[in-house]
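Both of the next two complexes hold chain A, though its partner changes from chain B to chain C.
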Partner chain A sequence: MKYRRLIPIIYILFLMLPIYWLLAMSFKTTNEILGGFSLFPQRWTFENYYTILTDPTWYWGYINSILYVSLNASISLIVALPAAYAFSRYRFLGDKHLFFWLLTNRMAPVAVFALPFFQLYSAVGLFDTHLAVALAHCLFNIPLAVWILEGFMSSVPKELDETAYVDGYSFPKFFVMIFFPAIKSGIGVAAFFCFMFSWVELLLAKTLTAVEAKPIAATMTRTASSAGYELGLLAAAGILTIIPGAIVIYFVRNYIAKGFALGRV
Partner chain B sequence: MSLELKNVTKVVGVETHIYQTTIKFKPSGFNVLLGATNAGKSTLIKLLAGFEKPTSGQVIFDGNDVTGINPQKRNISLVHQFFINYPHMTVYDNIASPLRVARIAQSEIHKRVHETAELLQLEKFLERRPPELSGGQQQRTALARAIVKQSKVILLDEPLANLDYKLREELREQLPNILEQRGTVVIYATTEPTEALLLGGSTALLHEGRVVQFGPTSKIYHAPNNLIASRVFSDPPINFALVSKCGDYIQLDDLVWPITGSLNSLKDDRYIVAIRPHHITPNRMAEFCVSLKGKVQITELSGSESIAHFTLGDRSWVSQAPGIHQYSVGEEYEFFFDPEQCFYFHESGSHVIEEVADG
Partner chain C sequence: MKTQNQRAWIFVLPVLLLVAFNALIPLMTVINYSVQETFGNNQFFWAGLRWFEDILRSERFHAALGRQVLFTITILLIEIPLGVIIALSMPRQGIGVSLCLVLMALPLLIPWNVVGAMWNIFTLPQIGLLGWVMNSLLGISYNMTVSPVAAWITIIVMDVWHWTSLVVLLAYAGLISIPEAYYQAARIDGASNWAVFRYIQLPKMKKVLTIAILLRFMDSFNIYTEPFVLTGGGPGNSTTLLSIDLVKVALGQFDLGPAAAMSLIYFVITLAVSWLFYTLMAKDEQ
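And now, the complex of A and B:
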């Protein structure tokens, strides 16, 4: 029976192995990585991190990514909050169909939209801007945010709205002062999911940018091909890419399960 | 404050929630809306609050038509069946919130919140948040928020239904004191006849979207003007049976009893007799009683009364008697009722005596 405990341990080790390998690599020199097999860095170096944090072509990748991800999360929430409220509180013609249709937007591969977006944004002069990527990501983040927020909003009884109106709150005041706090965990979770999908999405972000708004993920792949093998540098960039996600997930850790169930627990 | 509904109807889709209703509520004290679930109590409350617009007709506050006016501007308060408070605010902030929205001076808010909290025994909890309180305390917070405004109309939609028995009794006793404000109309929706009787005031009996009778609570309890009213205002359900009047006697299957007082003028016909369960008892309560020998099917004992469901022939009867009576299920017992206590209705459902008809 005591071996039973080994199973989760082995599983976790198995999951952690690539991350560990990445971490170990980020402290090695490229020569050491290519030279042979070693579990620990033989000669610790912080050179890789130093390069990323000082070289503008590297750190601007992070700034660009963070910019369009934040922009996307803000737009998605601003649009999704009223939409989710309407779906949660009102009955109107075709509401159920519309609500389901929103989710079907997530069912096509992103690659399908790469070409139309590229052409459209080039035509209107949005190409290679943060807004372009943020707007493109709205395509799948707004439906998701609407679904998550609708779930959280529907678990707030309608009587709360009524009570607030009777107490004298106007609709905007009620929304900001009473309703917002009541669904704040939902807003956090929706923002997290927007962040997550926007942060990891590569294809649209790469297609719609060139220099000015180039995301970190694109920088990483390009470096690999142009300046030879800078594996240590890439590993360090990978570690730095994981960190924002880990930080964000910490804040919503208690609500993530509810988020994956689209707020319907 | 006067509050009335004029020719109000409410139709949603193809369903009629409220049939044409005209009612003028008593200007102060309790107006109880009594009816089963789906009788239209909540719809009436929503119409009065302004969450819903009547399909036709008018809602009138103090002579002004408020039919199209928002709840925010109606100067009303509301307590729901579920304990609705602002979960992220402390009890103090909850109670203060309607006053803050109305931009009342800070010192005045402070004074009124503390007065109200004292009245509702909430002083100890002012710094806590509603989710940390018990159901009774949460509902008292909601009540406090409703009365701190000193609004002209207080709407209570089954406010005690979700509380456990003891808290319910306790709060029900306190409610008339708490709500006794000059010139406030209290509209209180409930499904429980006993609650209406305990609260007194006036009662409107609702049945399937219609107000079947409205008047002082004890008066309409003692003189229901139609069969439906007598059924709505009875718990356990009232007994009724088809009887025929032949000369000076009333006949029900094999039972015969002489007619009493006011029935003299009625012509011989078939009528419906209704007898409240607590008028059918295992002891003789009057000199002359009709005896029913029936087989007990189900018994319910509460602390202070015994309820027996028994059958006689193929009719079922319910008896509700004070005190503890031990019945064995399946045995035959003798029950009595006093013919003076019966209500008689025409087969159409209206009361046989026309004078009573207008509550």
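And now, the complex of A and C:
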């Protein structure tokens, strides 16, 4: 039993090693990286971070990513809330099939849809906008949001709805004033997963943007092509993409485990 | 008891429209391509089911599918038991819980191409930590750009690194939903650790584990960015998984017809396996 505590510790160490390496490399100059092996940066440099934070083509990548991720999370939640309510409270024609159909959209190989997506969004004139990426990410985020929210809503007793109607609440008023607070943590979990999957996805985001809405992860590919292989810059940019995720996890840490436990399939 | 209410469709309508816009139109485009031949200039000719026949007979597709199945089975066999073991040994209360959850969830929130780039840097023979330890410290020749075995081990370790935490989170969520009284009863009965696991913990985790397997199956079967950035499908074709092969055909050679036919076959396989899972689960719940 004593050694049991070691398992999570070893696992976390294993998780941290590549991240540490990226961090160490982000403080090295390209010369030092290519010059030889060293566990710690010999001469600390903030040059890489400075470049990213002062060059608009770099930092706009971050702003673009954050913009479309927030837009996507808002759209997904706004449309998923009523749908999840319907799935959790009502039986209607084709509800089970519809639920499975929604889930199937998580299964579509994104690589397959890249080209048709490009054509579709070019045709409707949204190419290279934040809205295009936000809408495209709805493909896999809305099903997930509906799935998670439905689980949380089903754990709220139906008597709550009935009491509210008896008390004379209209449906919108009941939804916002009574139901909303009751599923607060569910909304948090759903928002977290929307954020997560939109933040990490690159293939669609890259396909649907050129300049104006280019995500940070796509900007990173520049380092490999122009001016040789700038590993230090690549590492610093990578580290900066981890930070928003880390902040979000910290805020929802008590809910993430619960999120899926309550979801139904 | 749920009430029968057809008005529920109004609530579902926005979701339906948005997802349909994103799913059905591109799917129709893919189906459209899959039965036509193009020589550029936007000229299309009817090709019937030729592409489907070609692909189902092509050795290249069989090879990519074989590698994909091998990859998915391997990572499921490693990640699911490993995730359960880690979840079982995690602390249940105190500061340790938050710390574990935050640190373990970290890989899940790193953009996928950064994951690939990070592992690329990590495994570079002389510069990367892992590459240096293997080659210079242990004297084991390890270079993924040369050895297919090394490339395979690296993409599997990378996937385990990236996704095991998802299984841990889900399994942990299942575990903390078990009331303390169950364990007390087991102690009174003198149940062994194995018996507690087999008859209390495993049944309680069954639902979340099925979700974990389903999610891991779907996502690993569609995996593209991480192995593409890490190995580019090489050396040779040794790590060319289905999605990578597909993109090579579609964008590299611009063979839209065969690529579309291939994606449909691929989609149907994923759909069939997931549907099987879903129905088995639904049956179980009743």
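Operating definition for what follows: the second predicted complex is superposed on the first by the 250 of 265 C-alpha atoms of A that agree within 3 Å, B and C clash if a C-alpha of one lies under 4 Å from a C-alpha of the other, contacts with A are read in each partner's own complex, and residues count from 1 in each chain.
We take it that a residue touches a chain if its C-beta (ideal position, glycine included) is under 8 Å from a C-beta of that chain, and two chains touch if they have at least 3 such contacts.
The structure displayed is predicted, hence computed values, not measured ones.
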{"item": "Chain C versus chain B on the shared chain A, clash or fit after superposition", "value": "fit"}
{"item": "Which partner, chain B or chain C, touches more chain A residues", "value": "C"}
{"item": "First (chain B), second (chain C), both or neither touched by A:210", "value": "neither"}
{"item": "Partner chain in contact with A:166 - chain B first, chain C second, else both or neither", "value": "first"}
{"item": "Touched partner set for A:108, first chain B, second chain C, both or neither", "value": "second"}
{"item": "First, second, both or neither for A:53, with chain B first and chain C second", "value": "neither"}
{"item": "For chain A as apex, the angle formed with chain B and chain C - C-alpha centres, to the nearest 10 degrees", "value": "90"}
{"item": "Touched partner set for A:182, first chain B, second chain C, both or neither", "value": "first"}
{"item": "Chain B versus chain C as contact partner of A:8, first or second or both or neither", "value": "second"}
{"item": "Partner chain(s) touched by A:119 [first = chain B, second = chain C, both, neither]", "value": "second"}
{"item": "Shortest CA-CA distance in Å separating chain B from chain C in the superposed model", "value": "9"}
{"item": "On chain A, positions contacted by chain B and by chain C", "value": "none"}
{"item": "Chain A residues touching chain C - in the complex, by the definition given at the top", "value": "4-5, 7-8, 11-12, 14-22, 25, 33-34, 36-37, 39, 75, 78-80, 82-83, 85-87, 89-93, 95, 98, 100, 102-117, 119-120, 135-136, 138-139, 142-143, 146, 196, 199-203, 216-217, 220-221, 231, 234-235, 238, 241-242, 244-246, 248-250, 253-254, 256-261, 263-265"}
{"item": "Residue numbers on chain A that touch chain B, as the complex places them", "value": "157, 159-160, 162-170, 173, 178, 181-182, 184"}
{"item": "Contact footprint of chain A on chain C as seen in their complex", "value": "2-9, 11-12, 14-16, 18-19, 21-23, 25-27, 29-30, 85-86, 89-91, 98, 100-114, 117-119, 121-122, 126-130, 132, 136, 161, 164-165, 169-170, 172-174, 176-177, 207-208, 210-211, 214, 218, 221-222, 224-225, 242-244, 246-247, 250-251, 256, 263, 266-267, 270-271, 274-275, 278, 281-282, 285"}
{"item": "For the chain B and chain A complex, residues of the former touching the latter", "value": "49, 51, 70-72, 74, 76-78, 80, 82, 84, 86-88, 97-98, 101-102, 142, 145, 149"}
